Amino acid sequence: LLSVDDDRLASRRRRSSAYERLVQPCLAELVGTAFFVFMGCVSVIEDGGPEAGLGRLQPALVHGLAVAVMVACMAEISLAIYLCGGMEMSMVPPYVVSQLLGGVLGASMAKAMTSAENYAKAQGAAFTLLQSEQQLGGALFGEIAMTSLLTLVVLLGAVNATSRSPLVPFTVGCSVILSVLAGGGVSGTCLNAARALGPALLSGYWSYHWVYWVGPLAGALVGAALVRLLLGDRDTRVLMK
Amino acid sequence: LLSVDDDRLASRRRRSSAYERLVQPCLAELVGTAFFVFMGCVSVIEDGGPEAGLGRLQPALVHGLAVAVMVACMAEISLAIYLCGGMEMSMVPPYVVSQLLGGVLGASMAKAMTSAENYAKAQGAAFTLLQSEQQLGGALFGEIAMTSLLTLVVLLGAVNATSRSPLVPFTVGCSVILSVLAGGGVSGTCLNAARALGPALLSGYWSYHWVYWVGPLAGALVGAALVRLLLGDRDTRVLMK
Amino acid sequence: LLSVDDDRLASRRRRSSAYERLVQPCLAELVGTAFFVFMGCVSVIEDGGPEAGLGRLQPALVHGLAVAVMVACMAEISLAIYLCGGMEMSMVPPYVVSQLLGGVLGASMAKAMTSAENYAKAQGAAFTLLQSEQQLGGALFGEIAMTSLLTLVVLLGAVNATSRSPLVPFTVGCSVILSVLAGGGVSGTCLNAARALGPALLSGYWSYHWVYWVGPLAGALVGAALVRLLLGDRDTRVLMK
Amino acid sequence: LLSVDDDRLASRRRRSSAYERLVQPCLAELVGTAFFVFMGCVSVIEDGGPEAGLGRLQPALVHGLAVAVMVACMAEISLAIYLCGGMEMSMVPPYVVSQLLGGVLGASMAKAMTSAENYAKAQGAAFTLLQSEQQLGGALFGEIAMTSLLTLVVLLGAVNATSRSPLVPFTVGCSVILSVLAGGGVSGTCLNAARALGPALLSGYWSYHWVYWVGPLAGALVGAALVRLLLGDRDTRVLMK
């Protein structure tokens, strides 16, 4: 099945225009990230408060299912895919820019849809969980470890030839659901600067914002290193060939 | 896999009778919409009240899973599929009529199954969330944006040749689950006139009913435009070929 | 894909012994139903009471996921599969007996695992929701309508050649989840005499027990009729050929 | 599809180095188990207490989805796979050691991420549910029965040739979700010594720890016996050939 796909992809690539190779993927990233951040922010702003009884399940399901249906929306992970040979270097910067722009667009859509009152209560769906230095260690560790889990699932499910699977949208979505459910109370489970930037910009909340850039970036590097050094197939692995 | 399917579909179409081409798809829409609206209304009428603690998770899962197992039940989306070349114009009016009839049948089944007391409390599972003009902006924006997300998932998953997937029932169902979870408190997350008409008719509740026709219709047009203009493959796209 | 499966199934059938054709399927039904009823009863007995806050979600997920992973455990549906040409008549009685025996075994396992105190509170996971004649109409209607939905999903997903899908375990499981979530408060959502018999026997609770035989049986006939008369492909359908 | 896979697997095996045959699978077990135990422990330590309202749903989803995305992490089940011919004897001890080491690593990661206060309240995510001899019978029975269910799903979905399915990660994950939801209140639903060892070691909590070795081991033997004696195909089955 995979080799058939490869052939079809190759013939498609031969026929495809510059628009299809360069512009369309970035537009898809922008639209995908916009809808992901839009629904994610709305789920946080309109969660109904503690008495609604859903707790972290509501944002967990919304973010995870949005990732599953939108597929593409992870800035650091684009880098990890490049590091494992799944993307050309020239595509990484436009991808990352598209994702960050999409995140700002999505956060604006969330602000347009929700009432000012609920928006203020949620501090604009920015990550306002971190309020003191004591939380930083656990939060940073959590972002790194959970992003490396997510990166592993993406790289083994979509890039590494011997383990690729058509079910990868669902395994990636499930990784997000479980990470928000387990670690949401420690770090907010951002996993992704594109999810953090837009809400921070629109609500003007920047405290400890760097955690959501450093943590996911380091996690993506850890995940890519695990695949490149130890877990990848012969073509992907650089050691022990 | 897809080309095999195309061949099989084509040979099936050659052999198929007028009944199979014209009547059976409409019957399937009617039965599918009836069961979708039936279970959706029952989940709202019999939600056990706030003390049951499930909040929006109950209607979110019921509507999303019903869409996943029934596949076909979206009036505006039939229009979007036609606009992207996935359906002949002559099939759109009978499809839409079948879906609206199915919605009335489903709402009647929900009334037959539930107690008069619970039915009255839920105002017949009609969309009674909107009570003032101040809510209209957010609700209309939400219906448009969430229906365009749903339409994108349907068009890219079922119509656009380079991205079609056999997993589309589940991605569409997940889109409904996440939309009800995130936006249910703002607009009720109808996404579909066929879901709104039956309950409104049976309970006589028509306040702001137009939101559930204008919003989903506009959202379907936005989603179809995104695919036709920017995100579709060469055959589907009309710009940048 | 399906034709390959058919070939493989045919060659397997030629090679297969009487044990594999006759005894093993019944053993699989017995084991599958036993685990389904076992986990279903435990989820009801050990639900933690209203303060645990999961409400109908706990039994809904447990029953639906058990159906998805066990695949086979529906007595009335065996009848519907036979009526639509998916099973030989000679297999229906042994299947139904295996399922009923499996249900009694599963209910006994649930009793062995749970404390006498919790077991008594739940009245042995028998369907004790129905306490008065006034509930009967809605409960019977619900069992019929929801079993016909489930039967439709099974017949179109596993028997009808033009719509068969390898995803059918998950669509059937999702049908059970949504039916318990939506209709659990009205009828208990049994859908299946094999789920009702074992717990009734072990707890000695037989009030309105007939509802869980008449309702699912009638629902299976409605679902089979819809496929045989209207929705099936040319080989399955008896009208409008 | 399966025969294609077999060919590809065979050719891959011919080409593969000792590293790929012996070391990499053990590393994958270690990493997979580490992430599984890490997220599982965090979900228990950071569950927000009873007032968060998610009850057993949070650990149920986290453990089940982690199994689905990590695939490999079950010590006793490695034994069952060996007993049914899916693994060579020489691989069983290194697999089991890798899983136990991964569990200790994962539990350490959970301790690093969470606050000392929450960690102490959860007794380190060790299985502290069992507090008296009266609970032992039900807990042991539950671990045996639920592990045999899980083993059946793994063996029929991944080893037995006539029932293997590419959906097996999701059916195994669903088995874990339903087992934690149904039986979490009786035994803690460990199903796996590798999940129990690390937390016990890090928190120094060893009361009734043996239940989580004896129960899963006995359950894996029951599941393997059912497949070997009754439910497997001709190649897997030793009786009634």
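Residue numbering begins at 1 within each chain, and the chains themselves are lettered A, B, C and D in the order written.
The rule we apply is simple: a contact is a pair of C-beta atoms (placed from the backbone, for glycine too) under 8 Å apart; a residue touches a chain by one contact, two chains touch by 3 or more.
For clarity, every value in this text was computed on a predicted model and none was experimentally measured.
J.: What's the overlap between the neighbours of chain C and those of chain D?
T.: none
J.: Taking all residue numbers at the chain A/chain B interface, are over half used by both copies (same) or under half (different)?
T.: Different: when the shared numbers are divided by all numbers used, the fraction is under half.
J.: With centres defined as the mean of C-alpha atoms, identify the chain lying farthest from chain A.
T.: Chain centre farthest from chain A's centre: C.
J.: Averaged over CA atoms, how far is the centre of chain A from the centre of chain D? Could you give it in whole Å?
T.: Computed from C-alpha means, the inter-chain centre distance equals 28 Å.
J.: Could you work out how far the Cα centre of chain B sits from that of chain D, in whole Å?
T.: Chain centres of chain B and chain D, defined by C-alpha means, are spaced 39 Å apart.
J.: So which stretches of chain D touch two or more other chains?
T.: As it turns out, chain D has residues touching two or more other chains at 1, 53-54, 57, 167, 170.
J.: Hey, which residues of chain D end up touching chain A in the complex?
T.: Interface residues on the chain D side: 1, 4, 12, 15-17, 19-20, 23-24, 27-28, 31, 35, 38-40, 42-43, 46, 48, 51-54, 57-58, 61-62, 65-66, 68-69, 109, 112-115, 166-167, 169-170, 173.
J.: Hey, which residues of chain C end up touching chain B in the complex?
T.: Residue positions touching the partner: 1, 50, 53-57, 60, 138, 141-142, 145-146, 149, 152-153, 162, 165, 167, 170-171, 174-175, 177-179, 181-186, 226, 230-231, 233-234, 240-241.
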